[in-house]
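The structure under discussion appears below in the form of structure tokens.
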């Protein structure tokens, strides 16, 4: 067993035993999606136009919620100190964190997304929905990780976190909602979806390295 | 009244209630199903699908009835601290959830042919869904503590707070104009002249009573289990001690 | 004979200088006990030794060469004042994780064995949140026997421990140094550790403790 | 100074120094409101019909997000133990918590709400908007407090929290959105708004007592 | 002469019985030291005394009457093994809050004075996250002098304290009991506390510690 597995397992187990985000976030997603028809009245037309944005916001929130606590526990109780002194590279740890975060906050939403899209009256094929939700949730997670690592040691960490993460999330949100929207119309240009994948292709390899550097920087 | 809130006295009584409930449930459900599926006429608008009603409506009534009974138990538990009330909540919640699920599922099945959709977000349907979540919450709280008494208390609070949902379910069809049928049977104003044909009313009432007896039997079985479980918990602590 | 040493170390935290011009030298087979009043910088010095905190001046050497990350991460065993145990995970799961990141075994069997030795065998499947403070510390101390390193840096390990636990630990440390290990311990009870070199950090403060007003 | 002030001050300061919800939540509110025009393609008609529900959902989420952490810290570090042994009644503490929570998660939204409503094309007088948002945000906060206290000592607390709180939020959402909607039409029956105030009149005095009871129950 | 006592106490945690049939009695002017191995139930007993944990059997009495919330909340000073300080707030802000909820003064001046006495005056505006562990414990201990109560329940207070801090605390406790106070201390070093009654909780366990397999 190496770092990566160990970290991932630890995070997943901790969540499973205690936080239950793995259950909370899908439930949250479902409930939020349920709230919209309630709030907007059962007017299918309105619901349909609002749906892409709403689905993306729900996904955004699901990745955002666990962020604040992501590294804090490991920082406070000294786990990160131990990791600095580990013979295995620290990037294993950050990769493990990212994977666990996505498994908890991304994967369930990806799986649910076609059903949710249907419930909100969108008429999109499920492979297309997945093709949008996979990069979008991954991007939310990756960007969130960087912001979390960045704001970790800072005074007013979470204020920083909020200020950092929201601007970075906006493009993903816009392209994601845009992609969902376009797919639904007669004219399915795949532009926004490609943007998402391009963003992912760039962010995915960089994130573990960046977070590792940031974590090292935070030590004192 | 609280004489039987003592688990021991309760035990002797429960046996007889259980037997009667099982017998009544078998009789009424058997007869009710015969009436519902064979003897009653198809609806002039809905033809055969109307038979879903004989499951749907009793399930809907029971889902609310059970919640009310749990709310009463919750009140008893929080005010008079009677342990048995806590056991009752624990025993009733999963059954209530099952009946609510039955109501939702039968409603959805019925909705497809009549409204042309499985699900709409109207107030009645949504409030029943909320009821279902409340049941799940109560079950989850019951099991979320190491100390089962804590679980019961927490769950009792949730049930009490959640009971604001009941009037919303009941009156949703009147407060909001929705797809769903307004109550024709249980509405106060119409009590003198039920707007439902007696040929359909009789099987409905028979089924409803059958469901109620079934519930009675199940809840007593589960209550017995809860009481035994508690005894085991205490015995365990004692025996370890030698 | 390996030598672990520090020269002309001074340490700044926040906007204050904590200690100044501190040097130490310790050979394999020795125990160094860091003592001094609360807040004099014991923990800070240990962190400097482990490379977790940069000294304001001076440097740490191993056989005369400045220590680098590579060296530190293979040779240092770090045990802090707080316990890095996750309350939600069981004792054995915690140790599996910690032992793994410290490069020790992560096999259940190995860890269970170490726990049995520490008298915690029966608790191995308990979530750590159920343990008393002393039991938590004992859990952590089993890592000393799971991971092999050249230098142990331990911060006030006897807190929360009962008499038996203290004796066990003292014996563990003295066995370790007998086999050529190096141990640095921050402690308020140097008398516990038998024949050890005592370094009183309070004496390196002088006017270092001058305060600088600082916005909270 | 009594309990109530002390608790409120402590919570506000802690948030200000560290949590930063006080900045995050309004930003979030703004973001959600801003996003819809983007997602919905600036179609004023659609926007208007969706606006009441969206505003309420944003307010709901803002009160929901801080819930998870509300009592956890005080529970973990033993502050609640000390409170149990305090000569002043525990309900001062819960009232202080409620106030701080509302100041962070409710007040800013109330202040922003008329502007937001305007931005979304609603043509409602600002006093009316306030008359809806004040009871709605307060109700979200109060109900949330109860749910937070209820799920505090439980295993998998956060899942439970979501499961508990959202069903209880739904009536507020429906009445809130309904009230905004009605005010906008020609036919301003004040029914839903009165429901909100009635709900508040009932919930406000009860909540500190209930949360106090629940906190006591959680002790062991 | 006030008497604080407990009779036939037993305590269950999780699914285990921790101790059984334990009784104690202590009069004003006395110190009771709870000792015993790690995990024997010292902290649990203190929590029972403070009414924070319900005993499985038995009850706590004050002058023969069972203690109720009203009594406990006016007469008990509770000091746990962990410190309830908020790292983000400054020392003085923390103390203001704690002193206020314990019914002590919440005036800045009073608290500053107490901090000066404890030698922490210059740290009063530091955020607690900047303090060393010993400094945190000292901060907490100043509450003993801010709040007036009849019974002190203190859990392992000497952890993290240096020699001077320990002496100061021991003197504080002995002054307090001399003035008629009652103190119960969980400790692994009963010898520190001078003439005190020692209650070894380990001896009330018998086979209570048998394990029951339990899902984590």
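Side notes on the structure shown:
By letter and in written order, the chains are A, B, C, D and E; residue numbering begins at 1 in each of them.
Please note the rule applied: a contact is a pair of C-beta atoms (placed from the backbone, for glycine too) under 8 Å apart; a residue touches a chain by one contact, two chains touch by 3 or more.
Being a predicted model, the structure only gives us computed values, none of them experimental.
Between the contact lists of chain C and chain D, the overlap consists of A, E. Contact analysis places A-D first among chain pairs (by count of C-beta pairs in contact). Greatest Cα centroid separation from chain B: this falls to C.
Chain D and chain E have centres, each the mean of its CA atoms, that are 37 Å apart.
Separating the CA-averaged centres of chain A and chain E is a span of 44 Å.
Measuring from the averaged C-alpha position of chain C to that of chain E gives a distance of 28 Å. Distance from the chain A centre to the chain D centre is 24 Å, each centre being the mean of its Cα atoms.
For chain C, residues that reach two or more other chains under the stated contact definition are 82, 89, 93, 127, 216. Looking at chain B, residues 126 sit in touch with two or more other chains.
Of all residues in chain D, those that touch two or more other chains are 17-18, 155-157, 159-160, 163, 166, 170, 174, 220.
Residue ranges on chain B touching chain D, taken from their complex, read 123, 126-127, 130, 133-134, 136-137, 140-141, 144-145, 147, 150, 153-154, 157-158, 161-162, 164-165, 168. By the touch rule above, chain D contacts chain E in their complex via residues 1-3, 6-7, 9-10, 13-14, 17-18, 73-74, 77-79, 81-88, 93, 219-220. The touching residues of chain E, when paired with chain C in their complex, are 13-14, 36-39, 42-43, 81-82, 89-90, 93, 122, 125-127, 130-135, 137-138, 156, 159-166, 188, 209, 211, 213-214, 216. Every residue of chain C that touches chain A in the complex is listed here, in rising order: 50-54, 72-74, 76-78, 80, 82-89, 93, 96-98, 100-103, 106, 127.
Contact residues on chain D toward chain B in their complex (touch as defined above): 146, 150-151, 153-157, 159-160, 163-164, 166-168, 170-171, 174, 210, 213-214, 217-218, 220.
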